[in-house]
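Right after this note come the structures.
Each of the next two complexes has subunit A plus one more chain, namely subunit B in the first and subunit C in the second.
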Partner chain A sequence: MSYFNIIYIFAFLPVVIILYNIIPKKLRPVLLLIASYLFFFYISGKLIIFLILSSLSIYFSALLMKKIDKVKEEKITDLESEEKRVVKEKYKRLKRTVLVVTILFNLSFLFFFKYLNFFGSIVNGILDILKINYSFKLIKLLAPIGISFYTLQAISYLVDVYNGKVEASDSLLKVLLYLSFFPIIMEGPITRFSSVCDSLLKGEKTTYNSICLGYQRILFGMFKKFVIADRLNIFVKLTFGNYRSYSSLVLALGAIFYTILLYMEFSGTMDVVIGSAEIFNIKLEENFKAPFFSKNISEFWSRWHISLGLWLKNYIFYPVSMSKFVKKITAWFRKLFGSRVATQVMGSMALFAVWSLNGLWHGAGWTFVVFGYYHLILILLGNIFEPTVIKVCKKLKINRDNKFYKFLRIIKTCCLVVIGELIFRAPSLSVAFGMLGKIFTKFSLKGFSSEVLSLGLDVCDFLVVILGVVVVFVVSLLNEKGKNVRERISQKNIFVRWAFYYALILGIILLGAYGPGYAPVDPIYADF
Partner chain B sequence: MEKLIEILEELQPEVDYESCENLVDGRYLDSLTILALISEIENNFGVLVPAVEIIPSNFNSVKKIWELIERLKEEE
Partner chain C sequence: MRKVLKCGLFFVILFLIINVISYFLLFDKNVEKFGLYKIANYSILSENKNSIDAVVIGDSLIYSSVSPMEIWHNYGYSVYDCASAAQLLKDSYDNLKVALENQDLKVVFLEANVLYRNPKNKSWYFKVYNFFSNSFPIFRYHNNWKELFLNNVDDLNNSGVYKGFKYVTKVKPAKNRNYMKVSLKKQDIPSANVMYFEKIVKLCEENNVKLVLISTPSMKNWSYSKHMGAKDLAEDNNVSFIDLNLGNVLNINWNKETKDNGDHLNYNGAVKVSNYIGEYLKGLNIVTDHRNDSYYSSWNDNYIIYSNGLK
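After this line comes the complex of A and B, so read on.
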């Protein structure tokens, strides 16, 4: 069951809403937990045991860390400062041990289900090169749904408790629900405990407003998925499936369509996710903020899959930058080359860790690793050359705030993003490089229009895609300019409001890509 | 506080540090500039800034950064 499944939107969700409103307030969080576990069990069956193990491990570890802090406070009350320091250090080490062991315990599940085969094949390759006659047997394992998302949430809770940013929760229900809440379990957003812990247990009754706003958001997500993403999928499948048969321009179009498809599918899922939570008065953070208006790759990643970017920033980038090892190396560079170079080195080392993990998080495969390092290189080049670009612009009297200059930067960023997504989508590195090679070296307009129309989409399909993209673009543009479209619609009178809703519903029904000839997109991020 | 403003102006000019209250949220300071700022703070004010303190609310204004420095001094 995906979030776009009719069973989820028109059966599962409404039943949960009805039950939620008829039971006492105290029992509502329990209902959400039962619904979440049923949702998980429906998809992953017995693998639910791993979700429960992760939840219990972080619950008890957090309480243990709290207990360690309490004992420490009791012990140091009457001590002198030097003794205090020794005792503090002792308990800090103990706390750190609990943190590290629990993180490793949770990461072991992730490694087992997601990376065992990948690293196994690397080891087999090395054994083969060394002519050692042994190879590990590789088995395809079915991972618990959303393991990459809930494991990151588990780690964030533990680290926040360790750092004293969040108090360890005494409520088991709260921790269980935090990790399994059905709208976010499959594809995020990766949520911090502090931002949802209170609202999860509040059990506020749903209202006409919360249901209307929630379903309005869900409908918009369905529009993005059914009208645009599902329509483009057939074209993308054919071009990526057999790239040698197609011309360079068609391949470029395939890569552009995949980028649009990915955005519509993932941001559409986030609309369903955030809308579902909104119905229960639980506010989730936005995961996208008009990413295609970004002027460089760094900005793009602060607008695309925001929750993953923030997680990596908070739990990898800054801790790595501030680590003793990196500081030592930075100090050495500072002495030799000055502050600016030293900061670049410090940031680059942390970014290397971030993008290695970002690539691998998306999947256990070389295309994902290269996808990560591709972005790392672009960001590093951007950091290194930005001061020079600013100087050149000043000399040439180019106003960097000029609209046309900004537009050129946005186009440049979009092109770089499309190349990245091509690598991301390609079934192998040889296909990715083969496609890129063909796109950049064999440009030809010959037979382009007839070739485009032979890939599963007719003129009407293209017109619908353009119309759909324009609708999404206008909404994004208005939001970007600070004009909240949803608020504006909700302020209109009932006739105008429902005219919008009906237009959206009719759009989904009449323009959705259903039936033979189309290939619905599987939930892309759920596989991560 | 004057020394702090001086450091900030050197790292990222063209920002009115006296009045700006969204240095991080408004994207005036990016991650790399924050790293450079922390290095300067550690060198000039003799405090160690742990990674856990690098959150937008601690760096959104000069006042907030100064409060962080004072707090870290006290804790040490």
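After this line comes the complex of A and C, so read on.
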């Protein structure tokens, strides 16, 4: 069951809403937990045991860390400062051991289900090169749904407790629900314990408004998915499936369509996710903020999959930057080349860790690894050359705040993003480089229009895609300018509001790419 | 209370708009003859008159196991799946009667599993499901706006590309077990079903149609005792009986060719069953290859759409 499944939107969710409203307030979080576990069990069956193990491990570890802190405080009250330092250090080490062991325990599941085969095949390759007659047997494993998402949430909770940013929760229900809450379990957003824990347990009654606003958001997500993403999928599948048969322009169009598809599918899912939570008065953080208005790659990643970017920033970038090893190297560089270079080196080392993990998090494959390093290189180049570009602009008297200059920067970023997504979508690195090679070396306009129309989409389909993209673009533009579209609609009179809702519903029903000839996109991020 | 009424009004208006649009979009040449809802309930009525050679009637096993477009592509025979989830034998009889209103059928395949579905036990879920899927034909015809936009109303063929088949590629392996273990037991067929079976036999005889009782592969639904019961009923009524479960004649790989642990086949399994049916029809020598017949040009167009949609 995906979030776009009719059973989820029109059966599962309404039943949970009804039950949620008729039971006592106290029991509402319990109902959400039962619903979440049922949802998980429906998709992943017995693998739910791994979710429970992860939840229990972080619950007890957090409590243990809390206990260690308490014992430490008791022990140091009457001690001298030097003794205090020694005792503190001893308990800090103990706390760190608990943290590391629990993180490793959680990561072991992730590694086992997602990366065992990938690293196994690398080891087999090395053994083959060394002519050692042994190979690891690779087994196909079905991973628990959303394991990449809930494992990151589990780690964030543990680290926040360790750093004292969050108090370890005594409520098992709170922790269980935090990791399994059904709207976010499959595709995020990766939320921090501190931002959702209270609203999860509040059990506030759903209201007419919360249901209307929630379903309004869900409908917009359905529009993005059914009208745009599913329509483009057929074109994308063909171009990436057999790139040798198509001309360079068609391949470029395939890459652009895939980028649009991915955005519509993932941001559409987020609309359903955030809308579902909104019904229960649970506010989730936004995961997208008009990413295609970004002027450089760093900005793009602060607007695209925001929760992953923030997680990597908080739990990888900062700890790596502040680690003893990096500090030592930075100090060495500062001595030899000055502080500007040293700062760049420190940032680059942390970014290397971030983008290595970003690539691998998206999937166990070389295309994802290269996808990560591709962005790393772009960001590093951006950081290195930015001062030079600013100087050149000054000398040439180019106003960097000029609208046209900004527009050119946005176009440049979009082109770079499309190349990255091409690598991301390609079934292998050889296909990715083959496609890129063809796009950049064999440019030809010959037979373009007839070729485009032979790839499963007719003129009407292209018109619908343009219309759909324009609708999403206008909504994004208005939001970007600080004009809240949803608020504005809710302020209109009933006739305008209903006309808007009917148009959206009929738009999905009539223009949706479902039925014969279409192949709906599978939930892309649910696989990560 | 006011809000509940407001909500109700919203959905009533939505329902009305959808219905108006349904009529507006349905340019089916047969809609005047049969009406919107009858066509929505029995999609075979949208097919050109006397264009179908054979129908395959039954429950979910049929729409999971027989892909008419595969048969069309490989043999050129026009076959249609008249199947619905948890179909009762009474519904199968109704389906056959409706199909015969517009078609001069040569062969009827009837899924033997339907013989064992007790009419008293039909689940409420399927009743609700069938009610909704039949009440909103717009979901089947929504793409017709394109033809309206391009002014191609005459080219419409509303019966659907899949001709009743449900295309699923998902794989959920079945546990390896001998579900067709020989036993002396024979499963009884409910008496109401025996009566409807005899009515179907009679209807086929009256319309000069060959009736074939068929059991498509299903590890969860079929057994040797069911085979024995169906075989006896078929022999008593002088009807041919094909059991594709017996001896795994199609060499179904239950690790790869089922979508739900052996309950139903997936697309790969359906290709095997479809080819078997195509071969069987060829052997009967009573149907002809229509691939080059202009009356069937829409079937060739449909195949292009069908094959584009294959994963």
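Definition applied: the second predicted complex is superposed on the first by the 528 of 528 C-alpha atoms of A that agree within 3 Å, B and C clash if a C-alpha of one lies under 4 Å from a C-alpha of the other, contacts with A are read in each partner's own complex, and residues count from 1 in each chain.
One rule holds for everything that comes next: a contact is a pair of C-beta atoms (placed from the backbone, for glycine too) under 8 Å apart; a residue touches a chain by one contact, two chains touch by 3 or more.
Predicted model only: the values in this text are computed from it and were never measured.
Student: Touch check for A:N163: first (subunit B), second (subunit C), both, or neither?
Tutor: first
Student: Should A:T343 be classified as contacting the first partner (subunit B), the second (subunit C), both, or neither?
Tutor: Once the two structures are laid over each other on A, A:T343 reaches subunit B alone.
Student: Counting only touches as set out at the top, which of subunit B and subunit C does A:N383 meet: first, second, both, neither?
Tutor: Touch partner of A:N383: subunit B, not subunit C.
Student: Check whether A:S121 is in contact with subunit B, with subunit C, with both or with neither, and answer first, second, both or neither.
Tutor: After superposing on A, A:S121 lies clear of both subunit B and subunit C.
Student: Figure out whether A:I505 sits in contact with subunit B (first) or subunit C (second), or with both, or with neither.
Tutor: In the superposed model, A:I505 contacts subunit C only, not subunit B.
Student: Using the superposition on chain A described above, determine whether A:Y208 touches subunit B (first), subunit C (second), both, or neither.
Tutor: Once the two structures are laid over each other on A, A:Y208 reaches subunit C alone.
Student: One more residue to check, A:S321. First (subunit B), second (subunit C), both or neither?
Tutor: first
Student: Quick check for you: in the superposed arrangement, does A:N479 touch first (subunit B), second (subunit C), both or neither?
Tutor: Touch partners of A:N479: none, neither subunit B nor subunit C.
Student: Determine where on subunit A the residues touched by subunit B overlap those touched by subunit C, and list them.
Tutor: none
Student: Please name which positions on subunit B make contact with subunit A in the complex.
Tutor: Answer in residue numbers: 27, 30-32, 35-36, 38-40, 49-52, 54-55.
Student: In the complex, go through subunit C and note every residue touching subunit A.
Tutor: 3, 10, 13-14, 17-18, 21, 25, 138-140, 142-143, 145-146, 149-150, 160-162, 302, 305-306, 308-309, 311
Student: Enumerate the contact residues on subunit A facing subunit C in the complex.
Tutor: Residues 208, 234, 237, 456, 458-460, 498, 501-502, 505-506, 509-512, 514-519 of subunit A touch subunit C in their complex.
Student: Taking the touch rule as given, give the residues of subunit A at its contact with subunit B in the complex, in rising order.
Tutor: 163-165, 298-299, 302, 313-314, 317-319, 321-322, 330, 334, 339-340, 342-344, 346-347, 350, 383
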